[in-house]
Structure formats: structure tokens, C-alpha cells
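Order of writing sets the chain letters: A, B, C and D. Residues in each chain are counted from 1.
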Amino acid sequence: MEIMDFVKYAVYILIFPGALFTCVFGLWLAGVDRKVVARMQKRKGPPITQPAWDFLKLCGKEVIVPAGAARLMYMAAPYVGLVSLIVTVLFIPIGGLQAFSAGGDVVVVLYLLTIPTLALILGGSASGSPYAGVGASRTMVSVMAYELPLILVLLAVARAAGSHVTMDGYSILGATFSLEMITRVQELIGPLLFDWRLLPAAVAMLLVIPCEVGQHPFDVGEAETEICEGPLAEYSGAPLAVFKLSHAIKMFVMTALFCALFLGGIGTGMLWLDVVLALVFSTAVTLVCMTLLHAISARFRVEQLFKFFWTVVSGLALGSLLLVWFC
Amino acid sequence: MFKKLIDNAAARSPWLYHINAGSCNGCDIELVAVLTPRYDAERLGFKLAGTPRHADIVVVSGPVTVQSKDRVLRTIEQVPEPRVIVTLGSCPRSCNVFKGSYSVAGPLDKYVPIDVSIAGCAPKPEAIIDGLALATQILKEKREAMK
Amino acid sequence: MTYDVYMHFPVIAIMTLFVGAFLVTLVGKRQAARNAIAGAAVLVSLTLLALLIKPVMVDGEIIMYWMGNWEPVEGYAIGIAIEVDALSLFFGLLITIAVACSAFYSFQYIKQDDARGSFFTLYLMLSGGVLGIVLSGDLFNIYVMLEVMTFAAVGLTAFRTWNPNAREAAFKYLVVGSIGSTCALLGTALVYAQCHTLNLAQISAILPGELNPTTVLAFALLFTGFGCKSFMFPFHPIAADAHGAAPSSVSVLISGVFTKTGVYGIIRVCYFLFRSMGLSSVQIMLVVIGCISMFVCVTMALNQHDFKRLLAFHSISQIGYILTSLGLCTGLGIAGGLYHAINHTLFKGLLFLTAGSVLYATGTTYLENLGGLAKKMPKTTALFLIGAFSISGIPPFNGFYSKWIIYQATFEKAAETGSIGYALVTVVCVVTSVLTLASFIKVGHSVFFGQLRPELAEAKDPPLGMRIPMWILGGLCVFTGLFPNVMLDYIIIPATGAVFNAVPYIDTAMGEGYAAAHLASTSPFVTPNYTLLGGWDPLAWLVLFVVVLAAVFLCSLAGRSNRDVNCAPDSKHAVFFGGEEAQYSHISGGDLFWGFKHTMRRYLGFVSGAHTGVTNDYVLWGVTATAVIIAYCFAFML
Amino acid sequence: MMLANYIGAIALIVIGFYAMIAKHDIIKIVVGMGLTDYGLNLMIVSIGFNEGGTAPIFTFGELVSGMYFVDPVPQALTLTSIVIGACVTAMALALCVRIYNEYGTVDSREIRRLHG
């Protein structure tokens, strides 16, 4: 039994939904994104495997560590970011499959998600490049910008789901921070996306996702046309590849989180089918919130972004929280 | 097998870094045209990189003026191996109509070996794509030769 | 009594420190002897308190000691009592740990100062005073110790003769601090007028149940008095000045320890003496003050240009967390607040010590004059990162766990009471946490990362004697983060239980059955409830480590193939500068976060402008706050 | 009778706070702190006062029934408080001297290097 458990967790961590699967699926998602953007611009677009090729190519490139860099931080940052993303995936239920549950895992996920960004900022800052300094500063501003609406969305969902949960060890009296509970509630009452009170929150979340991922039009920190990809300016070779991979995985993590929060509980009863369904939803959300926005909009300036998130998006999320609370 | 995969990848995901070494902007506009929907170089994996650290292919246009010479060379040096240097248009190769000017330090091959040279003033997008496709092959060979 | 031997430990722990203070003066100029005495004193008191963990925390005993064996006569406790329950011991432990680490750090650190002779006298007085407050069972003694502590702290703030700001900071501190002392003393006197006793246990038995105007006034005054000592919102500017000007090892004490006595006092006043936390008005007062402290100070911190001043504002911001959490009056809330209190002592101590190391190595803590120290001081950088991650609540470190509990507690309270206000408190907590992260990124970028300033090329890590205390604090940060269950079981939950249930405390002091005879209800006034605590699945942790290990392995593989990478300062390895020759162009702290600062410029300008630095203004804030709190208490508590 | 004491005490405290808020001379601020202290001491002693009580000292042969003391504890508190107040004043004045040496002024509006 012990060994079986161990094997089970090893599979969770290393293969599904852990390291191997997230990498592959993330890269695939990034490929789909690029392809669809191209199609929307009436281009043929790169093959869907393109991000994977990029990753492999970067692995084969020379690694240049700038003379002024703090070497250890510079080299370790991308790997730390990657690890924390993989750990995050383990806490998010994908079609009812959640590798680990920590009772209050909404907060755990919220905090784990800051680590990759933090790694990006510190890695960039350790490289000693002025572009990276500007990029780190801007990335941090975008973190400050999206964190407020994100927590409001999470609270709204926690409240909405919690009001259907009765006391059973995890949650009491109308609020739950457990993603497992949130998905289980949705099995009973249907996806929260179709709850009219949570619609503004869902829209806010759809806007938060590209900002968290650092995707156009919210990629102020990595603006390649202005500040040479910001924190990544000095990175080359394998560390850069890992950063690009993290970026791709983040797309998957955020969309999976969206699915868990708003589209959970749609299931057939068969686990594998549910998982596949969740992945399909994940892709769909990516297409809506990232690809579409990417193709139709120009980049925000950093202070516009901050204002946008603290007024419009937070307003939506707060409205949702108020609705959930009082209706 | 892994090494082979990476070697193949080198040819399939070339990232460009474009340096304007005193060009008249004609070639630069053609290079941008290559990325537009009509020609869409991205379908071959091409992408414009923001910094030389990310680049595989350095595209230099312009006759390498005295002012830009050091900067061009420094930037080229900062591109990690394997790298391919492509000259865009006639200027970097022959200085074109600017030859003999007091302010021109070119042609580029006085300073660094050039792998692919795309001729024309300015070269047609088809020619540029052809040249870049050649460059990816060279890139792959260089990658295979590493280590 | 079963624990006869233990009975003497607390008083010896306090006395050792005071005796040490005088011995240090006696040995005069001999540096080694001074250090030996100070080190022995702090270690003895640390050991004595650590030995009390078993009886107090595990077995639930309460250690009672009557000075001069003057026990209560006919139900009146006139003698001076030292009473140690789990709450006192909790604070005592975190105090002695911080004091010990900081003392050993000081041995090296103050070598360059000129008035070394009096340093440890004041230092041990301060430690003794602080320890006296938390272990004492007598309200007036608490006041006296408060004064001893304030006095020593003022002396230590002004200690650096070469620091031009030190006297100014000390003066402001003394003046504004005197408001707090005045309030505390007046409150004590009023309590005495009501109860005719100064013994905490007896007061808490007699006082509650009859909230008349005098007791409400006494409550408001005591609350303000201890609030001032914890530097809560309107009293915070002096803290920033004092932390910034004092030597770093003293800042550790002021920030990590001194403020905790204020928190301890607030717990004792609100939960014990007046048992007023059941009133939702008091809960709201604490939570509102906590939230304002938290948010205002973190935004102030983002604006700072001095490493230590920035840390100082963060101290108050973290105190805001603690007060908010304590104000919830739920089991989870208290547990979170206490956990955050111990975590704050650990990581803020660590951060102040790293700031001290930077000052030691470079001679400045001004952010704009630093940069790129990670190459020269890798060990300090690692320690700084541990501290910064802890305070920003990055998962494996301790700040995360306590913040997690606090979020859950606030949101649970919101769900329980159905009031959306508490949900917004959760939001404020999270936003503050993000801003905290941002300001530590600012420090990290402008001090340790980025480009190395040419004139800092000689900087190097501090000597081993300074690094060991830092590693101990860093290790404890990691430990309390990784093994929260150990902390909860042995330290936090006993202390939380002690907060809620005053009956054993009263009965130990006044004799069995005293509480039952005097208290209206002897039941604990809220049953602690830890349901949502959940906790990390240890297995998840194991797994996390496996993944991390795998990643490190990957990292080392990647590193090996590039071991021969040449890092020579040639143009290939120079920083990309748009083709130009690389020059010194560090993005310094003041330039960071433009988007945020620009959007919030009105607010930031207002807050920053309000901290005028004029003593009178700060006194005005303090007096106004006192008046407002008194008015509030009269309006909503009667 | 005690009312006068309380009014006096509160008046002293208020005057002290007024001096600390409104006077820009740092010496006057210290004086304000002192005044607050005295007001406080007066308040505490008054709290312990019993109309017609004698001094809380045992003297031989003078104890008669029906006689009572004033409460001795507040007096002890006051003594301690006076000592502390004196120390604080001394410390504050010492700091004032040093501040004057450094800043060349005792105007609190100019002693604000630490601000913002």
C-alpha cells in the first residue's frame, strides 16, 4: 500500500499532472496561441510545435553569464520559477483530479503563483542590466496591479461556493478556501460561470490571466520592442529556455485555475474523460482571454495598466463580491 | 538522440536580431515586410528578438558607418554561439553608393566573417526569405559542429 | 507545588539581565569581560525560559512567584507577583531568542563605535525591562518596566555619536513615547481606583462585568498606552525614526521585541483585564487600527530611500497584521496573530541584521548609494533573501503560514458575521502583502542586485561572529515555516488557549475557586476553533522537496556543461547596452515602480507630506488618537 | 475638596499636552512633558486620598479605633513615577543639549532631518 501510494504520488509529480504533462501541454498551448493569432491576422503561422522547437533550440545555445551578474541567483532563478509552477499545478484540480489538497489551497495557489514572477524579477535584477532593472520594476507593478482583482475574484468565488457547503471539517458557514470544495460544489449546482452574480468576476479573471502570464497586451515588463524583453534581456541558452517554458506553463496553470473556479464540475463521471474535458476548456479559455486579446489590442503603458486593473477590473471583481454577499 | 533533436531544433527556430549599421531604411522595411501576412516568415519559426542574447541570426543592414562600427561589432560579439551573420542588401557587403565616403568604415567583412549575404538594393522579400532559409541550414551545421 | 524549582526561573531570568547590566559597568574598559558577562546573561535567561517550555506549554502549568513571598492576604494581592502562563512564556521566548542573537551580533558589530562601554549596560537594561513586562503579574510593575525599557531604548537610539540623526530620533521617540507612558500610568491609576489592587489576576477577576465610565476610560487609556509602545498607526513615525537611527542590533530589539511588549499589553488589556474582546466595537477598533497601520506603513515603506527606515515602516505594517488578527477574537485569529508575532521577530531581526551587515561593510544604508552587493557579499545576500521571502510570505518560509492563517481567520470571520467589512480586511491584508513584496524587491534590486557600484568594490561579508546569529535567525525562519505543526502544537496553541481562558491564571494567583467566585462566567470566552487550519500535508512537503531536488539536479547538470563559461569582463560578457560600451547605470531604488507611484502620486504625496518630522505634529497625532480612542470607547462600549 | 485636585491634575495634563503640541521650542516641549507628569502624580495621589485619613505610618501608641489611613499604595506609585519623570526629563534635556550642538537651534520645526 505504501509503495502504491509512493508510486501514485511519483506519477502525479513527475508525469501527470506534474512536470512532464504540464511542460508538454503548456508548450502545446503556447503553440496553439501563436497559431491562432497568426490565423486571425490572415497569416499561415508557425507550426503548433514551434514553442517546443524554440525550447529545444535554446537548450542547445551557449549560456552567457554577464560579468556583472550575481551568478548563483542568475542561474538558479529560472529553475526555482519552474519548480514552483509545477508545484502549483499539483494543487489545482484538473477535471476533478487534484494531486494535493491543503484545505486552504486558494491562498496557497495565490502565493505559489507569485514565485515564478518573483524568480523572473530577481533573475533579471541579478543580471545587472539596466533594461532588466526597468523590466523588473514594471513586472512588479503589474503584479501589484493584478493581485487586487485576483484576490477579490477568489473571495467572491470562495463565498459563492461556500454558501453551499455545510460543515464537514474543511469549511464552515458560508466560505471556503478549498479548491476541492469549490469544484465539488459546482458538481451540485452547476458551473459558477453560469451564476449571474459571478459573471463580472469571471470577466475580471479573464483579464487577470493575461496579466499574470505576462501576455500581450499586459506584457509591460517584457516589452521586447521597448526594453529588450526586460528581465530576460541578458538571459541566453538553457536558462532562457526554462523561462520561456515557465511562461508557457503559466498559461496552462492560470487557465486551469479559471476552469477550476468557474467551469468545474462538468463531468461525465469518468475521470479520464473529465480530465480531457478540462483540458479542452483550458484551451478554450486560453483562446478567449489570451489569443483574442493578443490579436486585437496594443500594449498598455505601465501606469495605464495599473490604473486599469485597480479601477475597471477590480471594480468588476468587487461588484461581483458585493452581489455574492448581498444577493 | 537528444543532441540530434536539439540540432534539428536549431534549424527550426531561428531568432533574428536586426542591426541597422547606417542603412537608408529600405532594407529594414523589406525585412519587416517579410514578417507581414503576405510573406509570413513566422511560419518557418522566424521571430524578431529584442536583444542579441536571444538571437541566432544577426541581420546587418547598412554600410557600417564609422560611428556604428564599434557598436555593431560589440553587439555581434554578444550573440551566443552558434550564431550566423547575415548581411542584408548590398551596403554591408560593398558599401554600395556610399563607398569611399569619409564616414563609412565598411564593408562588414573587413571585421567579421559573413555567413550569408543577401544582395539587392533593396532585396526582395523572397530573396530575404531564401537567404534566411540558407542561414538556418548554416546554423544547423554550426550547431552540429559544436562540441 | 509540583514545580518548586521552576518557580524561581522567571525571576532569575529577569534578574540575570539586570545584574548583568550593572556588572558590565563594573568591569570598565575590558571589552572581553563585558562581552562575556553580556553573553552569559542573555544565554542564562534564554536557557531558563526554554526550560519552562515543558511545564508551561506542554503540561499547562502556570508558574507563580511572589516577590519576597508576599502572598495574597484575605483575597487581596498586594505583593508583587511574577506569573508566567503560556502567553507570557510565548512572548518571553521570542524576546530572549531575539535578544540572544542580537547580543552576539553586537560583539563584533559595535567594535567601531566609540561609547562601547555603556552599550551593553543599556542593552541588558532594555532586555530586562522587556522580559519584565511580559513575565510580570503586576500592572504597575509593567508600567515601571515599560519606562525602564523606553529609557534604555532612547539611550540606545542616540547611541551612535557619529550618526547625526540619532539625537533627533531619540528626542522624538522620548517625547511621543511619553504620551504612551502617560496614558498607561493614568490607566493603571484608574484601574487601581476601581479595584484597589494592581495584581493582573485579581483585576481581571474583579473588573469585568461592570463597565462604568471609569473603567471604560481606563481601558481606552491602557489601550492607547500599550498601542503607543507597539507603535500602532498614529504613533508610527517615531518608530521609523528610531529604528533608522539606532545601531542595527538595537533596531532588532526595538522592532522585534519592544513592539511585541505593546502587543502583549494589548492582549492582556483587551482579553484579560477588561475581557472586552467580546464586544464587537473593540474588535472593530483593533481591526481598523491594524488595517490602517498595515496599509499606510507599507505605502510609506515603498517610498523610503533608506534601508533601515524602510524596514522600520515594515515593522509597523507587520504589527498591523498582528493587531488585525488579534482583533478578530477567534481561535484562528489569535493563533495567526501570535504566529505572526514570532515570525515577525525572527524575520525582521534577520533583516535588520543584514542591514547592519551592509552598513558594516559599506558604511551606508542609503539605497541610492548601494547596488550589486550580491557579488561581494553572497552570504549576506542569501540571508537577506530568506528574510525578504519570509516577510513577503513566499511559501516555504514562515511568513506565508502565518499570513495564510490570518487570511483564513479574517475571511472566516466575514462569513461568520456576514459582514463584508471583514472580507475587505482580507483584501487589505493581501494587497499589503504584495506591496511588502514590492518594497523588498526594491531593496533587493537596489542593494544586492543590479550593478555593482564602483566604490563598493572592497565590500565583503561580515565576520563569522556576525554571521552565526544571522544564520540562527534564518534557520529559525525556515524551521517555523517548514514545521508549522510543531510550532502550533507546542507554542502557539497553548498560548492561544491562555489568551482565551483566564480562569487558571486567576486561580493560580488568588487561590482555587477565586475566579468562580468573582467572574460572572468562568467559561473561556470563546471556544478556540482551529477547524480551518488544515495545514500542509507533510507528504506534500516531502513531494515538494523531491521536486525541488530534481530541479536542483537539473540546474547542476545545466551548470556543469557550462562550468567552463568564461565570465571575463570582455565585451562579450559585458551587459548588453544597445551596442554601447557598458557603463555604470544602475536602476536605483527611487526609480523603481514608476507606474505605481505615478498612479498613486496624490495619495503617496499626501502621506509622505504628512510625516513632517516636526515633533509637535507627531505629538498632535498621538494626542488626537488618544482622544479619538477615548471618545470611541465611550460612544460604543458603554 | 478632592474635585479641586482632579481639576488641577487634569488642567496640568492638558497644559502639558498643549505645550508639547503648540510650542516649537524643544525645551518647552520638555517642560510640557514635565507638567504632564506632575499632573499625573497629583491625580494618583488624589486617588489614594481618604478624607480625614492620617499618614500611612505606624507610630507607637497612636493607634486608636476609628482612625484610618490614606491609601499608601498610590503614594508609592507616585514616588516611583516622580523618579521616572525626573529621569525622563534629565534624559530629554541632555538630548536637547546635544541637538542644540548639532543643529544650532532649539526650534522643533528645524529639527526635521528625518521626515517623509
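Definition applied: contacts are C-beta pairs under 8 Å (C-beta built on N, C-alpha and C of every residue); 3 or more make two chains touch, one makes a residue touch a chain.
Just so it is clear, the model here is predicted, and its values are computed rather than measured.
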Of all chains present, which has the mean Cα position farthest from that of chain B?
-> D
Looking at A-C and C-D, which one has the bigger number of contacting C-beta pairs?
-> A-C
Chain whose Cα centroid lies nearest the overall Cα centroid | C
Report, in whole Å, the distance between the mean C-alpha point of chain A and the mean C-alpha point of chain D.
-> 61
Round to the nearest whole Å and give the separation of the Cα centres of chain B and chain D.
-> 83
Inter-chain centre distance, chain A versus chain C - centres from mean C-alpha coordinates, in Å = 34
Could you put a whole-Å number on the gap between the CA centroids of chain C and chain D?
-> 30
Of all residues in chain A, which are in touch with two or more distinct other chains?
-> 62-64, 131, 228, 233-234, 237
For chain D, jot down the residues that touch at least 2 other chains.
-> none
Listing for chain C: what residues touch at least two other chains?
-> 572, 574, 576
Chain pairs satisfying touch are A-B, A-C, B-C, C-D
Which residues of chain B touch chain A in their complex?
-> 5-10, 12-13, 15, 37, 40, 42-45, 47-51, 53-54, 56, 78, 80-82, 143, 146
Touching residues (chain side chain C, partner chain B) in the complex = 571-572, 574, 576, 578-581
Chain A residues within the chain C interface of the complex | 9, 12-14, 18-19, 62-68, 70-73, 75-76, 79-80, 82-84, 86-87, 90, 100-104, 107-108, 110-112, 114-115, 118, 121-122, 125-131, 133-134, 136-138, 140-141, 143-145, 147-148, 151-152, 155, 158-159, 162, 169-175, 177-178, 220, 228, 233-234, 237-239, 301-303, 305-307, 310, 321-322, 325-326
In the complex, chain A touches chain B at residues 34, 38, 41-47, 50, 53-57, 59-64, 131, 224-225, 227-229, 232-237, 240
Chain C to chain A touching residues, read off their complex = 372, 374-375, 378, 381, 385, 393-395, 400, 404, 407-408, 411-412, 414-416, 418, 420, 423, 426-427, 430-431, 434-435, 437-438, 441, 444-445, 448-452, 531-537, 539-540, 543-544, 546-548, 550-552, 554-555, 558-559, 562, 565, 567-570, 572-577, 582, 585-587, 591-596, 598-599
